[in-house]
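These notes are about the structure you will find just below.
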């Protein structure tokens, strides 16, 4: 017993805390928007306040019914979703979900989406005054209805407009979530930072589709959907690596995280923190397990601070 | 026995032949460049002339040594490769590999790649006079060394230049192989067709990377690699679907084909023919098996012509 | 109620008839809580493909040994891989999930209508009804006699049942809904439970409404999380409060819905 | 020689010591052709993840029953899933692949040096050498006695062997290459075969060259196709013809290369 105590005392205290563009996270493991509901759904599996942050389901100004089913389909090591941003609207979020989570000591990041720049601006303004909100993630992978449905996140001009508008309407830390469906992710990242992003979140889903061979038509009622899960991890790690070397703001990395190894890949690529997304569906307690495993890993390796890992895969051997 | 004979006679003859922009294919199942060597490597597993076509390893003007190892790494339901276009150069192709395959009655499509527009043009000119060559696939997912390494395939202006130059130098049917790492694949497709493509091939690999967590550095010596295999199928099917509806030339679809169901998905999305790539590594006789399965499927469903399937997933139910 | 993830020991796994499997595993915390109509969400492999869990209705529960049984049909890759698991191996189970069939206290004579493997969750329901001494008749439908599910358990429970088969190899030749139509006046059922393919559910709804009998249906939809977080399992229902069509989550608002509430073909 | 894909019946699969497995399957066409140094390429699952085959050296062959045995260590997901396969199940095997160790007719006394699981392909080589009445000594290295591979087969064959362990739990305390250094003068070996971790191979190369003894090494590299098509398994070698460094394919130009030919750390 005394030996054991001694051992515990000697156990080096490791620092897991990181700063995500002004959002202090107690550790780098967060959960991704749209994959963790409003946190409540996972309370039986995860002690929410042990997570770095809970990023809640995407919120729009008005309630949305979402797309008709089928909304999801499994693909090799991944899934496609076309939920269509079903959500009860920002007022319900502010009056119901935010106080509930805040009461439990959870670090909360909202996720906003709009069809127009004005909607984004209004959402930012509405959330600005919420003391319980640690920050706002801006999902720009939505079709811009005013400009014929092209995604905001795929045009640098639109990225600038949206981020600028949001920035003007809130003092909250802003995490801009980039779309991976672009030729030059670094360009998008630069524009977002110039327009006021405090951090960048990447990646959102890859645009994909599946066809029902029996019915000879697209599986999803929406035809196209967003590809997530382990299948996209190599693309996500690549984009984090590319962007982290070129911008000065911290990065929230995500895309297919299922294990400690995956978390480490993103950190080494240059992410300051990570989000677990589709993995939550497969293993509801995955996020919390990863917090524990990350801590043990650092202890076992004698790494005092998780921040030592961030970007550690850059530029070795002349790379 | 007499009954059996009768049955065989009644078995409806199905048509599997398709035309890929002037290249007659005896069936829609081809094998993808870089995944089937020069055909020879697979002779013990596949009767090469039963395939729609063999698309051989990418050829450059001069021999190339390729990238240092590691060149490949497995990823969830996929793999990354950074072979670096190792090949013996166009002269060796013309003098050794082409006659060998031609002697065996194989439909042969070359695949060319260059660092400059001039190299593409020279390759096209060199291959133009080869009677044994059914067509040329132009791989534009190569870094343009003259313009700082940006890929030809990710800039519409460069796509136009390359395809125009190749077109001017050969009368062979041209299949232009698009890069999927772009914001707007339809735009690239349109440009390629305007510049003279007889058919389009998509998709090439998605740009990705993997990090060796132990060594804290990228796994691939080349840092980045191309993601292929089932993981990318949803993106590939989506791009084929998008492009096929907007251009008038036939499409060679590929990305993660492992089964008859996958072949059908691509055909239904609008591909006239398909290529089996990474799947050849997993199951060396996959391509030939798929030819047989496709034929049986058509017979069983009473579909007289495989071309009836092409694009059949479009626009049902107002989609 | 608490949802549990368990690495449950498989104690029985057999192919009853070709492609139909009975899988029993030890999951005491799930067994203790399981209500009829609920389901478990199984991970069929350690691999990342197939990635998602697969939902299966709870077919039986043995409290004494803390086991849960599911009855499933191999229809695709996931169920094929599930069928490869061996006794003495473990299966990763999440459950119990979903709502439950209600058992109104006013109910006198219930009829339970199951088509194909749809009968699976109804067997556990029939058992609970029988244990509560509710008068219950089970109508089973299948394409052919071999595929009739759950007769052994029903026999053991002493529950009355009748069968219909498409090919007439046992019982009535025809659909199980024809059986329902024939029996409904005779038996004066006052509550209907049903689970099966969509056309069957549509027909059951029609019959129930014509006869003014209330009841419940158990639905299926593709699922990712199974716990109400992904919004992937949406099904259109008519909200009783205002008659408006809204999307319900089959995993948490269901899988059991009231007859008449579900908007089919939408 | 013809390469074969077989769905081979597993007739033996046991964990010899923790994480070390011996897997024997029936593959008569492969068994008939298999030469020492060649490998088989196994698909460990029907799933799409892990996607690629895994290469394993041929450890033994029994012509009478047409079986092939591999000896492997669980080091990652693929080998872990392989270890889950049961006797009486099948495994998808592609082989025999690669070149083979050469057995020069002038050879008198060969030494075979294996480190860790690297010994696996050398056991089959030792057997063939013994059958051809070549005088052969095997030097085995491992971290600890439990992990020494293949002693039972060598004993059965009556092949001389010596061991070295890092922890001294059996034989010499130290590296197997120290054993080689000690024995090389005494035994006057005139051919060296080696397989093991890269530092061992580098050291063996050094010793061989210092002593002017020719020999061969069996290499490993990540592989996709295993048949020379993907160019994924490149390893730098010095072309004897012109002394130029070029990339060789480990799967078809190898896995066996001449000592001195391989350019390490490049």
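Note that the chains take the letters A, B, C and D in the order they are written out, and that residue 1 is the start of every chain.
Rule of thumb we're sticking to: a residue touches a chain if its C-beta (ideal position, glycine included) is under 8 Å from a C-beta of that chain, and two chains touch if they have at least 3 such contacts.
The model shown is predicted, which means the values in this text are computed figures rather than measured ones.
Visitor: Moving step by step between touching chains, how few steps can get you from chain C to chain D?
Guide: 1
Visitor: Taking each chain's centre as its mean C-alpha position, how far apart are chain A and chain C in Å?
Guide: For chain A versus chain C, the centre distance works out to 36 Å.
Visitor: Where the centres are mean C-alpha positions, what is the separation of chain B from chain C, in Å?
Guide: A distance of 46 Å separates the two centres.
Visitor: If you look at chain A, which of its residues touch at least two other chains?
Guide: 76-78, 229-230
Visitor: If you look at chain C, which of its residues touch at least two other chains?
Guide: 48-50
Visitor: By the document's touch definition, which label belongs to this structure's chain graph: line, ring, star, complete, or other?
Guide: Shape = complete; every chain linked to every other.
Visitor: Name, in rising order, each residue of chain A that touches chain C in their complex.
Guide: Against chain C, chain A makes touches at 34-37, 41-42, 44-45, 57, 65-74, 76-79, 81, 83, 86, 229-230, 258, 278, 280-285.
Visitor: In the complex formed with chain B, which residues of chain C make contact?
Guide: Result: residues 48-49 of chain C touch chain B.
Visitor: Note which residues of chain A are touching chain B in the complex, please.
Guide: Against chain B, the touching part of chain A is residues 75-78, 80, 154-155, 181-184, 206-211, 213, 216-218, 223-225, 227, 229-235, 237-238, 241, 256, 261, 264-265, 268-269, 309, 312-313, 316-317, 319.
Visitor: List the residues on chain C that touch chain D in their complex, please.
Guide: 45-50, 81, 86
Visitor: For chain C, which residues count as touching chain A in their complex?
Guide: The touching residues are 2-3, 5, 43, 48-53, 94, 221-236, 246-247, 266.
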